[in-house]
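For reference, the structures are reproduced in the following blocks.
Consider the two complexes below, in which chain A is the common component and chain B and chain C are the respective partners.
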Partner chain A sequence: MKLLLSKNFIAWYFIMPALAIHLLVVATPSILSLALCLTDWNGFGKINYIGFENFYELFDDRVFKKAVKHNIIWTIIFLTVPISIALTCAYLLTGIKKFQLIYRLLFFFPYMLASIISCQIWKYMFHPLHGIGAWLSSKGLDWISASPFTLKETSLYAVAMVDGWHFWGFLVVVYITGMYQVDNSLYEAADIEGATKFQKFRFITLPMIRPIFIFTLMIIIIWSIPTFDYIYILTQGGPAYSSEVLATHLYSQAFDRFNVGYSSAIGTLMFVYVIIIVSIFGILQKLGWDI
Partner chain B sequence: MIVAKYRKSELISNYTILTFFALFAFLPILLLIMNSIKPQEEFGINALGFPSDIRWLNFYDAWILGNYARIFLNSLILVAGTLIICLFCSGLAAFSLARLKPKGSSIFLIYLLVGISIPAQMFILPLFLMWKELNLMNTHLGLIIIYSGLNAPFATFLIRSYMVQLPEELFDAAKIDGANTLQLFIKIAIPISWPVFLTTGLVVGLAVWNEFLFALTFMQDEASKPIATILFAFQSRFENNWGLVSASAVMMAAPVAIMFMFFQKKFIAGLTSGASKG
Partner chain C sequence: MIKQIYKIFLLILTITFISGSIFAKSTVTWWAEANADRDPVFQTKLVDVFNASQNEIELIMEFKEGLNDILRTAMIAGEGPDIVETPGPSYVKEYQEAGLLSSMENYSWQYGWQDLLLPWSYSAGVFDGEFYSAPKTYETMIMLYNKTLFTENGWSVPTNLTEYESLAEKIKAKGMHVFSYGSTGWQPTHEHLAGMYLNSVAGPDNVYKGLIGEKKWSDPEFVNAIELLRKHMVEEGYWSGSLENYYALGWDDFHAQFGSRGAAMMTIGTWTFGTTVSTFADITDDWDWAPFPNLTAKGGDPSYLLALGTTLSINGSSESSDAAAKVIDYIFKNKAIVLDMANDFNFGEFVIPLKFTADDFGDNVNPKVKRYLIDFAKQTGQGNYGYTTWTFWPSDPGVHIWKDMEVLWAGDITSEEYMEDHEKLWKKARKNNSLLPVGSR
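Now for the complex of A and B:
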């Protein structure tokens, strides 16, 4: 009794509710998933242990390979386009005084919108009868005559554009916070040396915001793998799997076909990937990289 | 901080670039707002312009056809329920981690860090099966528990980072008066830490209001669905009635925009809190 009321135990009682709810919602089903990925269960009937059969099957699965490829493309797009636009805008913003706050709020606002709303906006923007395509063709330019969401060649990029539109303002705000922490005397010294604006950006701003910059790289690499909402809402992975990613493939395997074992195998691979990325960044940090 | 003194010509090009991107960010939203008050006949002839005839009735029609009195209540129940459970549990845990620092609590911190990075797809199907067994499918409580669990690590980290900075003297006087640990939490920690509870509440509330994947999976009963998934169904049901669909989207975004106007600093600080700590 005394032990149960000791200071240490009381402190743990405070942690219990949060721990219990997280164990129930995240940890328990995750462990179940780790176990189920070694079975051929379909949600009903007997559960048979089949070893790594699901994984062998995955590596033969044409759609799975496409999905992996699309996730890689997705990651590369997000590591380049939104980051370079956001760095440019954040750097330009630190140089102006008038309207700075307004620009920041305008950039950031799309990040607050629900995925379903962003998708609806852009579905209309690219609608063949109403959107920019129709407007261009009324001017004699037939650049976007069909919605890019419905074309095999462009569906993935069009969806990435919508998600990027929603996301990049977040990066601007993150970078500008970092840029305001840079010591002004560094810029003054550079001014005396006669450095150009680009040199100042390259040799002062970028190195000084490196921890934040690396952090944004890491979250983009991690977030690009479970990306789901925009693709599911806009294209459902189609047409002809041209925008299928791991998360949508897993979702249809899980909830349309009820291949519990198979979809658990995909989920497990995604989890392993995230753990590897987080460990790489952790190890680099331990090795003394300033990240 | 002023990075550089710009010449006038440079300032003009800076403003031009920034304005271009500001328009890219905001024009699509403006178009949505215009469409929400556009009569259906105008979508054929005046698809991208300002409506010549403003039709506020779009909102009324969408509200009635979508049964939104019920649907918005569902979303509100989910947000309120999650805020109560998640903030209470996370506040308790954060207080313990920041002030009581029990033996072994660093393991719990590492557990939360791993927990925050597990992709939802890893556990959504087993969770679905568990919720079926527990009869929590299609219930608000079931979804509230899920949202509370999903957001607990973030909320705990954010509240903890605030409570760590509180000076010990604040608690000393109450301890001398014989307050027990729970009283320290309720009477001292919570009242002083209200700013962080507000920030956390705004971020978690926004996440729940906008959430799609779990709402799609765990709430299949039409009458209990939140606005995010109703809008998804609405879009295919009234595919070409852009006025109705846009009015619905504006109604879903309006509370977010209003809250953002009042609490922009808190929203931005909360949503970028992971990054600024590096």
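Now for the complex of A and C:
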């Protein structure tokens, strides 16, 4: 009895309701969904066990290979472009004393917009009949002849730009919060030593916000895998699979073609990837990395 | 005294219980896709009228957002409505194979549904020899044109490939797009065009042979049809001026483009009637429609492509299947209600393929729409029809036809390779017994 009322157990009692809900609505369906990858279930009828057949088929699937490549490109874009812009803007903002809140709000605003709204805004901007291209064309400047979302060479990058536009404001707010935690005396000492703004950023700000920085890298790597909404709304993975990613391929297999078992195999690989990434960060932390 | 009161109380209770059981109404539930404009019409013109017409059955129609997903989850769990509404035969096939639907074969014989429905639409509901799904809406692909513009320029509706291409050149020379159409927001739009070209170039007889496995989809007739579509789309820019514009335009855009003389014609399904009528309501130009022409060198009669929009079935776990069948029968035997409601939806919804004749229509029906409905029933009754991909193609090849069409249009593969891939998927579908009912021709 004493043991059941001990401090350790009491903590478990408090966590129990949340844990029960989690097990019921997240863990169990997830495990069941993972199990489906070994079946040929179509989402309706009998479930037949087919071993690893879905995975063999997956490695022959050219759209799957394309989707993996696009997810890698997507991750690289998000690990570079929004991060560099956000770091620069956050650092510059720390030096602004007046109206700083307004700037922060302006940068953060796209993040508050629903994805469907952001997408519609950009779609209209490049609309062939009444977008920027059509307006320029009416002035005799044929610079934007087609929407970048409709060209196979640019569609993936165009969607990444829209998603990045919505995302970088979030990073600004995260980085600026970290930058405000940096002890001001370090900057004062650097000033006395005659350090430039860049040197202060490189040798004080960046090392001091490293845990936050690494955390954002990790969430970007993880979030880039299930990316779906912007691509689905703007291009639906097209044209010609040029912006197809794993999540859109998974969706198409499950809901257009009724290949639930197959799409579950895609989901399983995505899950394994996320586990690997989280494990790598965990191992680095255990090895003493300050992340 | 108390004992007597107790006895009387028990007697009343028993009588109430027995009479309640005898006279209780059966409840029939029906889930439909929510639509703010349509839902009140269904409620007032169908549900309320049906409930007032008899005392046995209480029909309850519930309107759901994202019906397909909700319905599938409920059905797998052994729940769901008594009347199951699906977006087409490919869904019926999956539900039927999973044993989630009741056969309506006996009801069909009992009520004579086969005589009420257009033959092809009845056949499309027969799975494994039994009737499982009744058509709720049918549609076809047509070609709309700006009638005023055609009269001004002395143009006429083409009847063969030469006339078709020559008209396209004349339209382009006037600085307009040949057709207004686009796929943004609905990628499967490509299959509308693919179906039209397969039927108009290769011919409905060959498409039928392809469907029943007597011809390969990689045969030259089909490859030529798809290659012609590729040429017209990519090289000639028939649809909205270029492939990129076609990808970028949506429903409102292409209707506006057609209404403002941005394009002289529009290839679209009959679900457009409502929007087209309202687009042209405020302008001086007039519009008209024609079946999509025969695109062979010799020409010939155009064919209407058969398509079912939505279907009605009875849930396998329904406890009121008899009552559900009575509801369906009530609809099929009340042409006036069907036509009145379909007219409210501008014949974009609830167009049940009943055998309509000119006498069935009131003066309130748009004459152009009326002409279509009568002609469609007449022509298809004579066997002059083709096949749409979304009604007769199994799901895997059905997705391939529009999803991989973009790969062909992008120049990554040839028409031959595209159709060879298509044939492979059909072979797989045949092997897996995933084919949909086609009926005999």
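The rule we apply is simple: the second predicted complex is superposed on the first by the 267 of 291 C-alpha atoms of A that agree within 3 Å, B and C clash if a C-alpha of one lies under 4 Å from a C-alpha of the other, contacts with A are read in each partner's own complex, and residues count from 1 in each chain.
Operating definition for what follows: a residue touches a chain if its C-beta (ideal position, glycine included) is under 8 Å from a C-beta of that chain, and two chains touch if they have at least 3 such contacts.
On a predicted model such as this, the values are computed, not experimentally measured, just so you know.
Under the clash rule set out above, the superposition-derived model of chain A with chain B and chain C contains a clash between the two partners. Of the two partner chains placed around the shared chain by superposition, chain B is the only one that A:Ala114 touches, whereas chain C remains out of contact. Legend: residue contacts after superposition of the two complexes on their common chain; A:Phe271 is shown touching chain B, with no touch to chain C. Legend: residue contacts after superposition of the two complexes on their common chain; A:Met161 is shown touching neither chain B nor chain C. In the superposition on chain A, contact of A:Leu129 is made with both chain B and chain C. More residues of chain A are in touch with B than with the other of chain B and chain C.
By the touch criterion defined above, A:Ile73 reaches neither chain B nor chain C. Of the two partner chains placed around the shared chain by superposition, chain B is the only one that A:Phe215 touches, whereas chain C remains out of contact. Once chain A of one complex is fitted onto chain A of the other, the partner contacts of A:Phe14 are limited to chain B, with no touch recorded for chain C.
In the superposed pair of complexes, A:Ala146 makes contact with chain C only, with no contact to chain B. When the shared chain is aligned, chain B and chain C each come close enough to touch A:Gly43.
When the two complexes are superposed on chain A, the residues of chain A that touch both chain B and chain C are 43, 123, 127, 129.
On chain B, the positions that touch chain A within their shared complex are 1-4, 6, 10-11, 14-15, 17-18, 21-22, 24-26, 28-29, 31-32, 35, 43-44, 47-48, 85, 88-90, 92-93, 95-97, 100-105, 108, 111-112, 114-115, 117-130, 145-146, 148-150, 152-153, 156, 181, 185, 206, 209-210, 212-213, 216-217, 228-229, 231-232, 235, 242, 245-246, 249, 252-253, 256-257, 260, 264, 267-268, 271-272, 274-276, 278. Residues 72, 75-76, 94-95, 97-100, 184, 187, 240-245, 247-249, 253, 256-257, 262, 395-396, 399, 403, 406-407, 409-410, 412 of chain C are the ones touching chain A in the complex. By the touch rule above, chain A contacts chain B in their complex via residues 7-12, 14-15, 17-19, 21-22, 24-30, 32-33, 36, 43, 85, 88-89, 91-97, 103, 105-117, 120-125, 127, 129-132, 134-135, 165, 169-170, 173-174, 177-180, 182, 184, 187, 191, 197, 200, 205, 211-212, 215-216, 219, 222, 225-226, 228-229, 232-233, 246-247, 250-251, 254-255, 260, 263-264, 266-268, 270-271, 274-275, 278. Chain contact summary for the complex, chain A toward chain C: residues 42-46, 123, 126-129, 145-147, 149-152, 236, 238-242, 252, 256-259.
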